[in-house]
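Have a look at the structure below before the remarks.
Labels run A, B, C, D and E following the written order; every chain starts at residue 1.
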Amino acid sequence: MNLWLVTSALMFAIGAFGVLTRRTAILVFLSVELMLNSANLALIAFAKMYGSLDAQTVALFVIAIAAAEVAVGLGLIVAIFRRRESTGVDELQGLKG
Amino acid sequence: MGWLLLLTILLPLLGFVLLGLFGKRMKEPLPGVIASGLVLASLVLGAVLLAGGGAQWAIPDWLPGIAFSLNLDHLSGLMLLIVTGVGFLIHVYAIGYMHADAGFSRFFAYLNLFIAMMLTLVLADNYVVMFIGWEGVGLASYLLIGFWYQDRVNADSARKAFIVNRIGDLGFLLGMGLLWAMFGTLGISEINAKLEENLFIPAGLGLAAFLLFAGAVGKSAQVPLMVWLPDAMAGPTPVSALIHAATMVTAGVYLLARSSFLYINVPEVSLWIAILGLLTAIYGALSAFGQQDIKRIVAYSTLSQLGFMFVAAGMGAYWIALFHVLTHAFFKALLFMASGSVIHALGGEQDIRKMGGMWRYLPQTRWHALVGALALGGFPLLSGFWSKDAILYSTLFYSVNSSVVFYVLLLATAFLTAMYSMRWFVTVFLGQYRGHEHPHESPKVMLFPNHLLALGAVFIGFIGLPEPFPNLLEGFLAPNLAHLEYEKPSLTLEWTLVLISALVALAGLYLGYRFFQQKVMPTWYARFAQASEHSFYVDQVYNTFLVNPLKSLGSLLFDGDKGLLGGFGWLGTLTAGIGSLLARLETGYIRFYAAGLLIGAVLLLIWGVTR
Amino acid sequence: MNLADITLFLPLLAGIALVVWPGLGRAFALVASGGVFVLALAMFLLHPKEGIAYLTQAPLLGPAGIYYAVGLDNAGMFLWLAVTLTVFLGVWMAPAPLRMVGYALMMETGLLGIFASLDLVLFYVFFEFTLIPALLMLGLYGGRERMQALYTFALFTLVGSLPMLAAILAARFLGGAESFLIGDLQNHPLKGVAASWVFLGFFFALAVKTPLFPLHAWLPGFHQQNHPSGLADAMGTLYKVGIFAFFRWAMPIAPEGFQGLQPLLLTLAAFTAIYAAWAAWGAKDWKNLLAYGGISHMGLAAIGLFSGTAEGAVGALFLLGASFIYTGGMFLFVGLLFERTGTMEIGPVRGLAKSAPALAALGMILVMSMIGLPGLAGFPGEFMALLGAYKASPWLTFIAFLSIIAAAAYALTAYQKVFHESENRAVPDLTPREWGFAVGVVAAIALLGLYPKLFTQLLQPLAKAFAALFGGAA
Amino acid sequence: MIPLLILSSAATVLTLLALWIPVRATKWLTAGTLIAAIGAILVGWNQPAEYFGGLLRWDSLAQGLTLVALLGVLWAVVIGRHQGERLEYYLLALYTATGMLLMASTPNLVVILIALEALSLPLYVLATWRKDERSYEAGLKYFLLGALSAAIFLYGIALHFGATGSFNVGVAGSGTLYVVAMVLLLIGLAFKASMVPFHWWTPDVYQGSPTGVSLLMATAVKAAAFAALVRLTSEGLPAWGTALAATIVLTLVLGNLGALAQTEAKRLLAYSSIAHAGYVGVGLFSATGGPAISFYLLTYLLGTGLAFAVLSAISNGNVPYHRLRGLLGRDRLLGVGFGLALLSLAGLPPFPGFWGKLLVFLEGAKAGQYGLLVLALVTSAIAAYYYLRLFSLAVLSRPLEHEAEEKPSGVLPPWATATTASGTARWAMTLALGLIAALGILPFLGYRAFAAGQPNPAARVPITTNLSITSPSEGAEVPAGGFSLQGTGQPGETLEVYDGTTRLGTVTVGQNGGWLFVPQPVPSPGTHTYQVRRAGQAGGPSVRVKVAAP
Amino acid sequence: MGFWEILAAALLLVTALLVVTARNAVHAALALIANFLVLAGVYIALDARFLGLVQVIVYAGAIVVLFLFVIMLLSAAQADVGINPLSRLTPVAALGAIALAAVLIVATRNPPASQPVGNLNGGLPQAIGPVLYGPWLYALLAVGFLLLVATVAAVALVQPDKPLDALTDEEKARHTPASKEEVRR
């Protein structure tokens, strides 16, 4: 039992909970960030266990990826806001069936 | 030389093809002449071949293991002579009878087809080949009964004949199936040879015999498949004479005779043959009394006489059955053609209530009719007398099935036969003419064949005289029939019986002659005659309990089949329903989707950790 | 590349050409279909009459063990003749739009391919491909309710044949064969439970295409809605290839599976025969009548085949080929009637025999052939099927062959109502073109009926080998 | 390597260049780049190589699926119609193509993740390209769910590393951690491949996105995702087998049944793309499934690409069914194209879709997945129904009157009829039709390329004739000593001949498939039953003959 | 497992919970920053010092701030907008999250290898650098490319549409709220 792995799992689950319960796009996305970081925590914990610099490097990449994702994601949210004047996700259900 | 045998079949078949294709363009007597000439050619060819000791011809493996084989021996030779001989005469007669009919050439085409098929039937040395002829004559019969197809009744009758025959044919087919399973061959001589050389009787032989017999029942209009024959009188009279009296309907008897080696081994089936024959004989005789159609009376008499033949076959007296076939061919053809002459004379009238007094108008036909009626009634020394007497004799002595019951009942039937044959003669020829036409005698071309037939009806019986006279026919047929040993009665007894049957016939004839000249019939008779006119309501019973329910079931199945499709459609609807339910899962909510995704993930993961 | 390949694909190319440029005209279609028939005839004459001739074998999807393997044994050759003749007669005869004729030609390739394939996957390809032109003909030229019929037809075919694809794959991998070639598969017959499942997979597809109760339900609607010219119906008749496929593929590959199901199969075949014949009695129009009549015949063929005997197999194959010609001919004949009377219904127009005796005679010959009159094409097959079936089950044979009585009833009743009884409409008799059709179809029917030996002696060795698979006496 | 260089450098250069050149030029440069990359793939076909310490694995799987993906992108670029022809559209298409190449060609999970993002980010943006409500909704849905799945995938990477100590796929492992990691990774990729229950975005996004973009998602993305899936599933069947099977079952059922309820063509194709993911998935169970999957995706690309192209010619937005009615009558090319595309998608032979399905199912059968196989086939039959419905609408129905009057717009080539497809698009569609026909009739053209290096199992298997005795015939009478048995068999095989139960000897079948055997010693007169048997078999055809006395 | 570790873990969880439950989006973002700062501390404690710094500078300092910025920009601080149409999802989500956590904890309970196989060198840049530019060069290049992609994608998203008079008729129609397309539906 590794404390950080447990913490990471809990954070991941909390993030998932946030994705399901948050009702604006920004907050949903914020929860996703939480999940990404929980994965990073797990990576670092494993890196410590295995003494692997690879994992730390990968965590670095993850941060870069997250940054890229955030850029596009926030851009999208802004663009939608410009059109809809809202960031709520529940209103977006014109497409269904 | 064997191919000449095939030629006997091919000649009339050629006539059928020629007349069928080009007959319409020929002038009137030509089609009749061609047709008659080809049948005559067949007759001559057949006779020459028969005189030369018979012939065989075959295509081996026509179907795998089944040869298309023909065999002209004494048995088939006799039939060949009857078919082509009587057939030729009737062809000639028809030239006159069908004069000026729009379908003149078509008629002769059909007749030639019939002859070809009938020859196939009798010459066959393989049950399959026989079956070809068997159904072929059925087709010809169908075409000829419905010859005047514009009339719905005729068309219906034709159809009925074919369908009822098919019931019997199914038996024939299944019988062949069983024979094939038992013997691995359907060659008649081969099966006969196997049956002769093997002492043991294969199990199932009785069933095979019975199934074949079912075919004979259909074709020869025995009880219970007799209903088609009276209706078949809807065809032109020569047809009735040729097909429904002289030849085709006796095919059943011929089948039994051909398969005598088989039936001789299964007396229990033979007993059934005799019983059904007896029933038919009685039924036909009783039904003949009430008929008002000149041809239907003769038709029922045919039914009855066929019953006689079956009784003989059931007794194992195959030569006697064939003897009766022979004599019957002559006198019954004669009766029909005399009837045809009457109808011809009256411009198509067939109702005997509008006849009478023809004695005066038809100076030659009257003699034909008289000879025919007397021969049918068993007037001593005429052909019918000898053959009928032989049948009565066989019911007493011939085999294990012989019994006094048969004898007594058959004798009574013979008595009835004599009576109704007189009824026919008396009502048509004696008394006053009750119609409005101007009766006239038939042309020569119709009378000439009747002369010959009348001669036959008088004298042909002498080839099968009882002992101690020489019996030409039995000896002639013996090599081709199964032989049954039986204890012969003393000559005295034999001749006593001859005397009894002669007396019974004379009594019947006389009584009929007197009885049917009465102006007013007794009530009991009137009541009987009414039931008889409707053939004891057999048709109605069949229609009510068999035909109509089956027809309704057909419609029901047809409609039900659409329902079946609906059933499959229901399956489709169900699938589509599930589909739209599933599609409704796409609610459009992102969070719902995320939930679905995560729940799916969690479930998979739970499986992952718990497995 | 040999004569078989050319003959096989010629109709497809001609059909495509005709669909793209209908301006090529009817003469082109006639030359194409006639040429195919002549080629098939020539192939038949040159065929060594034993073994597989005109063999082409080339890898199609080599690594997957799938080949383009085409060749003709006697059975294939016989059916090729029947198919090419029927198509030729159809093209000759049917007053159909030219594009539709093009689709019919395309379909011919599929049909020929079904009979010539020596690779199971290739067989499946042709089996399914044939569906497409059939659908197009129905969908483009069918009657008002054609879509319903189209869905039914397509779904029955596809729902049936996709399990067959599973069975095809299983047949190879469970049997241990390295390819889908017929020899390879037959050398690795399936055993035990696998055989049963594989046979069952085949069964559904082939029962649809035989057709056997209750999977026949698509057929009446299919005929009902198709173009009244009868061309599409004739092609549809040719598409009843279930019998052949059972013979060539399903039963030899999974003999044990077949034997396990044999009682059921025989029962189903017998029931199909009598049920359909009976239902045909209730039909009110020609197309339904012929549809059910055709189903009934295939029931008889099926009971012959499922007997597992040589006689039964010969009978089934012969009946199949013969029914191609006479049922196809009958549909074309009905198209010809429709052209004259404008109705498919039986009843409103009567007494045609008076004004059109040749037409009536042609009809009579076809009807008689249909009800299995000896001497015509329907009989030898039915009879051999009966001989085989009787060995397997007398009672079921009895039930199945009750249908010949019903057949006489429905066929003659319909014939009488249209051609006999008092005339209420005069129609023109056969035109010269129609005479050509009549001569062709009657000649074929008579040849098959009078001299079946020509083909039965060729089918017999195959049938014996077939029967040997099931331990039947060869 | 060269295709990657072409793509990445062109993408970078074009990013800068595009600001100065006209949009049309950007379009053609993009197309040219893609064609060049495709050409480079083809030139270097079947020359596997590894670069960057194994992070770039340029094997036949990478080549095949990159080819498919690039074709998909190219197709979308050529046929797409876009608002205002903005240059970013082409840049993004090029980026996503590069991302796909990266994804298809690496065994490294981290690179896969990077590639996943590199191909997804442009798609998120492209999904919104119509700039209307639905388009934005589609973009956001795709993005949020995509981000979620990326997080799951990332967590899978972490756990995979924890379980195996490696960031590379195809490492065997065991234990709960490994299983969980594999399942998480599977989920991340299954999301991109739209497999149930990770498919939720698919119908909405396809419907909301511009048609060209939907096409991209349906074809190219799937190719890239399956490339990764093939690599991922090359090891550890026990770990992921059941999970994958469950996913496939759900995918097949939901994809096909859900499609039945649709009334809008793009949404239908979305469900169909879900279903197809299920079919492809069957091939994952076999270790040799790569070529089959590549081929399947190629055929799927052709079919669905053509269908989307036709839809895009009709409208850039939604295409309710009724707008398809009588398409053939309105525009022959579109009608034929749509019809063929549907038949191919439905998997009817001889169209490529059938061969793809067949090959994938073959792999499934090889792996013994008969349950899945049967389900896949039964659901294909259901699928046939909805394809057929569209087919009958577009091809078999006649147009309603007001639909027939729809006016064409834009400059059309002379052979065009009333539609809105551009000339280029028409040429492209014609080309695709040709490809469909060619691949349908000659499937080996495609498959052999993908399966290069795999051995043919048997170059030539002899085709047996059935074992039989042809002479003498049953029941024949033969003279003793004066007859021979003849028959047919498989060339070269040895048969045993029996008289009753007595073994008489053997005979070898000749090359013509016939054999001849003279019974020795001379048989006694009477009935004899001769039988030939294949070696080791208890029965065979027999014949009964009657031997006559000499 | 010392006091500090447990405290850090507790802080991580508390802040994480805050992120997903705060009524105000700004609070949530701030909680996320707090979470990341703790996380950075944990990284440093786990011998990933360079990463810890990056976490602070890039993640907490740039990315989440970006979030805050957008929240402010869009005045989207309110977390609950309108009525929750999926109110029944919350308990399901809670259950699901618990299950997910449980599963993941069970899975990571016994990691296979417990012996360190390499030397982390404290996760200093000197140690990371060779790895980053060595075996991971390809990934680094790919990430670089990804950032280019993200830039262009973001630009493409937020750049204003063309001025209205530069649009074709069709596009105009599309840009009116109730476009033809929607009417058709």
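Here is the rule we go by: a contact is a pair of C-beta atoms (placed from the backbone, for glycine too) under 8 Å apart; a residue touches a chain by one contact, two chains touch by 3 or more.
No experiment lies behind these values; they were computed from the predicted model shown.
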Joint neighbours of chain C and chain B, given as chain labels: D
Least hop count linking chain B to chain E through chains in contact: 1
Separation of chain C from chain D, taking each centre as the mean of its C-alpha atoms, in whole Å: 33
Distance between the centres, which are taken as Cα means, of chain E and chain C, whole angstrom: 66
Chain centre separation (chain A, chain B; CA means) in Å: 95
CA centroid of chain D to CA centroid of chain E, Å: 36
Touching two or more other chains - residue numbers and ranges from chain E: 85-86, 89, 92-93, 96, 100, 103-104, 106-109, 111, 113, 117, 135-136, 139, 143, 146, 149-150, 153, 157
Chain A: positions in contact with at least two other chains: 5, 8, 12, 15-16, 19-21, 23, 28-29, 40, 42, 46, 49-50, 52, 54, 58, 61, 65, 68-69, 72, 75-77, 79, 89-90, 92-97
Residues of chain B touching at least two other chains: 61, 64-65, 572, 583-584, 586, 588-592, 594-595, 598-599, 601, 605, 608-609
Touch-based graph of the chains, sorted into line, ring, star, complete or other: other
Full enumeration of touching chain pairs: A-B, A-D, A-E, B-C, B-D, B-E, C-D, D-E
For the chain B and chain C complex, residues of the former touching the latter: 20, 24, 59, 61-65, 68, 106, 128, 131-132, 134-136, 139, 142-143, 146, 149-152, 155-156, 158-159, 162-163, 166-167, 169-170, 173-174, 176-178, 180-181, 550-551, 553-562, 564-565, 568-569, 572
Chain B residues within the chain A interface of the complex: 583-584, 586-591, 594-595, 598
Sites on chain E touched by chain B in the complex: 85-86, 89, 92-93, 96, 99-100, 103-104, 106-107
Touch list for chain D against partner chain C, complex: 291-292, 343, 348-350, 354-355, 358-359, 361-362, 364-366, 368, 370, 373-374, 377-378, 380-381, 384-385, 388-389, 392, 395-396, 443-444, 447-448, 451, 454-470, 487-488, 490, 512-514, 531, 539-543
Touching residues on chain A, where the partner in the complex is chain B: 16, 19-21, 23, 28, 89-90, 92-97
